[in-house]
């Protein structure tokens, strides 16, 4: 069981009736409920809260942060982005959802453009497990079949993943590395492509299972008592 | 808690008094006791047992196999090596200890010579944590200091580790990648350098902690219901 | 310009008229001619030659070996497989073509089953570049479109590639990691999926360009004067 | 032969006589001369030039950029840092030298703190080749022995290198991953630890050889005609 914070810019749901119908309390509420049901302790935070709801106190009490954004990436303050990045380096897990490929924290932590091609046409996605022994795939079939999805296509502008867990097939002819694991500092990062504001993807049991698995995978471990911090140190052996 | 089998060729301890003094019941017994004390269910197996004690029944009931060998790598039957490799591909964890860098299962699973340079001169080793957020380092300090150790030096003839956890410094001037993680099929493999038949390294609390952590890290997960097996399959989409 | 040996089991072309029509002198001849045209010095070798045409003298004079097999993987002698593996460890490049995913040298060098799912139904393949800065992609478009192809599907039972260059989309709904780079010892290995005995894929200019690029990428470099070889060594510093 | 730009903050050499004695025209001049001697076309740029000498025109004409900084990392303008990062993503190579581990471009591109421990005590460093088949090691012995060096120690706060080429041993008891390769976008990045402003390390033939090798390794390749750029695209297959 992990202490989880689900962050959402929470814009589409309040401005667009079609989105509000799918996620009446916001995508964050749906995901937080799903994680609570699976045994985690989940809170939410949104863009319009002070410090976007991501104060030092909140982050200090967060094992794993989930991030959903789409329309307002640029409105996230750089100071909060730095705070998130620092906490990841110290061990906090980060799950980056769908259109958050272009979010500031993800780009800050990976250092690359994280760009892709896209198409919104309600086409079929087959999200294949390519690493069936990875804990993020626990309990899944060989693929998630999503009948209506936005397409994301390669080349995905990210560093080679430390482990690639999912790769998607799209009806329109593209492929995409849909589940990418990264270790940065003491923190674990997982990018998961499936998800959208109008397609009810976060209501699916298999998608919720992936998020649950990913939270468990990304939760921090104790690790060693070793920090560098650009410290000047004494020799261990006589010079 | 994992179901563990500790394998030892068990030769030095019966032929060499100096070794028997350090490990009167064999290195395997010392390690199995330590893992039992830390909550695992540990059994042992040795070279001179039928099928080297690694029958299908034993391996089917093993979450993580630890392997210690030095003098008799060539006496391990290829059929047993294949059985071990297949079980690793299916998800069994494998911990490869010290001189087992040259064991058949390790070379079979990595596909490389796994060679190194060495020197037996009782010199100091400083085994540094280079990935302090890795679960195998839980509860450690920044390094393990071993006052009398055999030296292993680079270049270590292994594939680039999926994650490098430890790197050793030796008094005589060498370095070595002492903690190397690999994923192969559904199985996790960890090579750990510290250890020897005459230096009492496996009696150390920090070394036992590494083995405990590594067992937990390498224990299989459920994963996805996906196997390829060179199967002919029907299309999912109409052609 | 590299010294290249193209190995082919050379069975289908002599037993099956449909294959002979596409590759009258064998797949190896077509590929060797293409590499010669692109400036390499290419010879061929086949299964039925003494030592399968891969004598020590031939391998000593080979910068990069290409391997095509399908029907007779088991007829390749283990001694030759070991010789190939050793040469790769010493620096020889190895290009593994299509159905050679199940060849002995590839499985020997990677240590995994290398299995996959497959279907022979003449469907469309879109082989996407996912690493457009990789030299193996020099001069390519964003994808290779192959109108009639055999399908290979995930999970592909290989280690996580050191670099993943291509990922294929198939009309029937599958994806596959079609271009996988590995470093093993001093040698570079590239697995390339597109290719078949009846579809004229090796006659394509873009496929020949990939093979040319891959030969240049895999050709050995001088490297450092450092070998381990399980040697006992003197200390560099006083103990 | 590559078009190289050697960047130096060029502060120590003008403020400290001891440094000026070793590098009378600046570290950049010494390195640029060495690369010219080895066949490259090398220019220099420094902090106090307009746009730090790294205008768009200069970067557009640069295959590989070398970066040396120590005292004035914070004085580098963010706009120039972004320009460098973008050019790396587009294919420009980047060599990060010694204390530039804490430079803005390196931290921007890797996304991690890049911190370490250090000690300035003129101790011996043995910089071992751990990947003797890597082209950056061409023509080297098994290690570079540097009699007087600043110490850098683990844990080095960087992502796991795509390939680790060197690991250093220090007299005082530490180890360090001294040669780290990264691929980011289309660009190749190499961090190389040896070097300092008062020890004459960049005058050494073996160090110059590493830089020459690294320039050749990092020079851009043509690659594929594939860019994502968050573009909306038409389907390739009918929906």
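We call the chains A, B, C and D, going by the order they appear; numbering starts again at 1 in every chain.
Throughout what follows, a residue touches a chain if its C-beta (ideal position, glycine included) is under 8 Å from a C-beta of that chain, and two chains touch if they have at least 3 such contacts.
In this text the structure is predicted, and so the values were computed from the model without any measurement.
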C-D compared against A-C, more contacting pairs
C-D
Chain B on chain D, rotation in degrees - Cα superposition, rounded to nearest 5:
180
Taking shared numbers over all numbers used, above half giving same and below half different, the chain A and chain B interface sides are same
Between chain A and chain C, what is the gap in Å from one C-alpha centre to the other?
36
Whole-Å gap separating chain C and chain D, where each centre is the average of the chain's CA atoms
33
For chain A, residue numbers touching 2 or more other chains are 126, 129, 131-132, 142, 153-156, 160, 162-163, 171, 173-174, 183, 185, 226-227, 236-237
Draw the chains as dots and join the ones that touch; what shape do you get: line, ring, star, complete or other?
complete
Show me the residue ranges of chain C that touch chain A in the complex, using the header's touch definition.
126, 128-132, 142, 153-156, 160, 163-164, 167-170, 173-175, 177
Provide the residue numbers of chain C that touch chain D in the complex, in ascending order.
91, 124, 126, 129, 131-135, 137-143, 145, 162-163, 171, 183, 185-187, 220-227, 236-237
List the residues on chain B that touch chain C in their complex, please.
85, 89, 102, 108-113, 115-121, 123, 151, 153-157, 159-160, 162, 171-174, 182-185, 226-237, 239
